[in-house]
Amino acid sequence: MTRRTALAAAAELLAWWAGLVLLWLVFISTVDTLERIVGASVAAVGALLARAGRRSVIWR
Amino acid sequence: MNGWILAATVLLTAGGGAALWGVATGPLSRRVVAQNLSTTVICPSLLLLAQGYGRTSYVDLALLLALLGPVGTLVFARLLADELTGDRPAAWGLTWTAAGVGAAVVLVLCAVTGPSRAMVKLLVIGALLISGNVVASRALSGGLRGVRDG
Amino acid sequence: MNVFPYLVAAWIFLTGCYGLVTSRNLIHAVGCLAVCQASTYVLLLAVGYRDNGTAPVFSDLKPGTRPLVDPVVQALALTDVVVGATVTALLLALVLQIAKRHGTVDPDELTELRG
Amino acid sequence: MSRRLRLWLLGVGGAGLAALLVAACLDVPAFGRRSHPYGERAVRASLARHTANVVSSVNFDQRAYDTLGEMSILFAAVLGCVVLLRQAGDEHRADPRPAEVALPVRRYALLVLPVALVTGLYVIAHGQLSPGGGFQGGVVAATALHLLYLGADYRALERVRPTGVFEVTDSLAACSYLVLGLAGLLAGTAFLANTLLPYGTFNTLSSGGLVPLLNAAIGMEVASAVVVLLAGFLDQAVEIEREKGS
Amino acid sequence: MADAVIVVALLLTAASATAAVATRDPARQALVLAVLGLLLGVVFTVLQAPDVGLSQLAVGSALTPLLIMLSVRKVRRRGKEGDK
């Protein structure tokens, strides 16, 4: 993996993560620290799956 | 009984009845379109019911349906692709009408809710519902042409 | 209105039974069994309903402000919906196994095969 | 038994059952009645333990033992499916053919996949607050994964779904439910008693003591169970074929 | 009058259950069962059981149809192989 692809991967993951954290904040009703922690970790799982899904479709 | 529940009842009677009639009779191509329509009708009525009962937590039901309803239609589009090759079920007029009803319901509810996170949630549900509905229609009308056994 | 939901549950159960007995395809029979299952959920929730009640979920409701429906029957129905789906899957797996062994999914042909 | 005789039996039995059911319906407490003694007690118990969603409290606290039974049925059903749907000796695996899916459908699948996963996890995590819980959220999260099959093809799904891992997760989640129950026993109270953890602040993520943990265990269990189940069916429907000439 | 929505939802559910039984082809029955699942979700909502409604929508909209359709496909493929 070259530097550029690593950078692209990180950017993709970060974009998904940010989007999914925002989605989580929209879903919940009251915001507190634990909610933020759980939301961030759930969004991380979602971002990983989003990237894995995209790659699995494009690799043929 | 308030106006919201009355609206939901009317929507459910008309749309649900039509979807049920379409899915239980006629050729296969009409049935899959009716199945797709049922999601688009029931999701807005769930939103109206949530508003009518004054419970924001009921909105989660509509959220789930907006996500999974189109997935269900994709299942049929995928696994009935062979049988649907003969006559393409293309009911774009119906699809856009149903999408319009969904959009109208979501926008009215947004106006009532006022700017808040709950409003953004409603907008997310509306976007998921309409895009899912349109994509499912696209899949039914030949979007999965080359699918045989994969 | 006092008994209407119970009668609907009874109707759904009886139609499901009719479908089960007259079915000519085991996959269709499993679908009819799913219909029978649905009747039990309708019955349970109808028993727990209360006029003008609302769900006993307090994330957006102050406790004690509105009459509440019965949560116990809801808990019973809720777990069974998901567990029922996996049991449906188990039955479908059995049907696939029968299709493999006997080459048919028509219950009438199966009885003839055994004889 | 002839078809005619069977229909006759069904007619007689059905009529009798219908009569009994209607008679029973007329005697059941009326629909929409005011008194629900069990419900009122369940609500009181749930509020005493700071669980906002009373249904979750009934499932994972007041009747947690019952849920253990439901979970074992689920586990056994999945086990049965795995055994019934395994590859037999006279079968082989054909490579699934790649599918041509229209671009909008594929894009939709790839976009909705993470959104549906996050929604499923949200439903699990907020089971003790708003409607939802492990059973519902687990199904949503597992269904999300199969968008890859619907929007692309089976090979894409297989790349992100190691079935073995999900089988292990399924068993681990079932065990963790038991271990959480046994923890109560070790602490000197009863099996699955919700007395171990502080009840927390009402209507926050950490409220309800043991309820969120049991909820999460069930969520994991259901999600991986559904994935394993669908893996068996997808293998059978898409990949596994009978050997030619057997 | 206040119960109109409950009556409508129950009637639709009963009708779709009848249709599901009367539809003899499994693939077409799966379509009716999918609609039945959604209508049951509505019944549970109007009976104030959102938890059960969520459960039913999650299972009924995508999981049950997928299971039935995969079984149908397997049985049909099996039939085709047998003809060869």
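Lettered A, B, C, D and E in written order, each chain numbered from 1.
In this section, a contact is a pair of C-beta atoms (placed from the backbone, for glycine too) under 8 Å apart; a residue touches a chain by one contact, two chains touch by 3 or more.
For clarity, every value in this text was computed on a predicted model and none was experimentally measured.
> Strictly by the touch rule at the top, which chains does chain B share as contacts with chain C?
Under the touch definition, chain B and chain C have D, E as mutual neighbours.
> Compare the CA centroid of chain A with every other chain's and tell me the farthest one.
The chain lying farthest from chain A is C.
> For chain A versus chain C, what separation do you get between their C-alpha means, in angstrom?
Chain centroid spacing, chain A to chain C, equals 38 Å.
> Averaged over CA atoms, how far is the centre of chain D from the centre of chain E? Could you give it in whole Å?
Between these chains, centre-to-centre, one finds 17 Å.
> Taking each chain's centre as the mean of its CA atoms, how far is chain C from chain E in angstrom?
Roughly 10 Å separates the two chain centres.
> Could you list which residues of chain A touch at least two other chains?
Each of 23, 27, 29 in chain A touches at least two other chains.
> Show the residues in chain E shared as contacts by 2 or more other chains, in ascending order.
Correct list: 2-3, 22, 30, 48-51, 53-55, 58-59, 62-63, 66-67, 70-74, 78.
> Which positions in chain D touch two or more other chains at once?
32, 53, 55, 98, 115, 119, 123, 126, 129-133, 135-136, 139-140, 143, 146, 151, 155, 203, 226, 229, 233, 236
> Dump the list of chain pairs that touch, please.
Pairs satisfying the touch definition: A-B, A-D, B-C, B-D, B-E, C-D, C-E, D-E.
> For the complex, give me every residue of chain B touching chain C.
53, 55-58
> What residues on chain E touch chain D, complex-wise?
Touching chain D from chain E are residues 3, 49-51, 53-55, 58-59, 62-63, 66-67, 70-71, 73-74, 77-78, 81.
> Okay, in this complex, where on chain D does chain A touch?
These residues of chain D touch chain A: 98, 106, 110, 113-115, 117-119, 121-122, 125-126, 129-130, 145, 148, 151-152, 155-157, 159-160, 203-206.
> List the residues on chain E that touch chain C in their complex, please.
For chain E paired with chain C, touching residues are 2-3, 6-7, 10-11, 13-14, 17-18, 20-22, 24-26, 29-30, 33, 36, 40, 43-44, 47-52, 55-56, 58-59, 63-64, 67-68, 71-72, 74-75, 78-79, 82.
> Quick one: in the complex, what on chain B touches chain E?
Checking each residue of chain B against chain E gives 1, 5-6, 8-9, 12-13, 16-17, 19-20, 23-24, 28, 31-32, 34-35, 38-39, 42, 45-46, 49, 53, 55, 57-58, 60-61, 64-65, 68-69, 71-72, 75-76, 79-80, 83.
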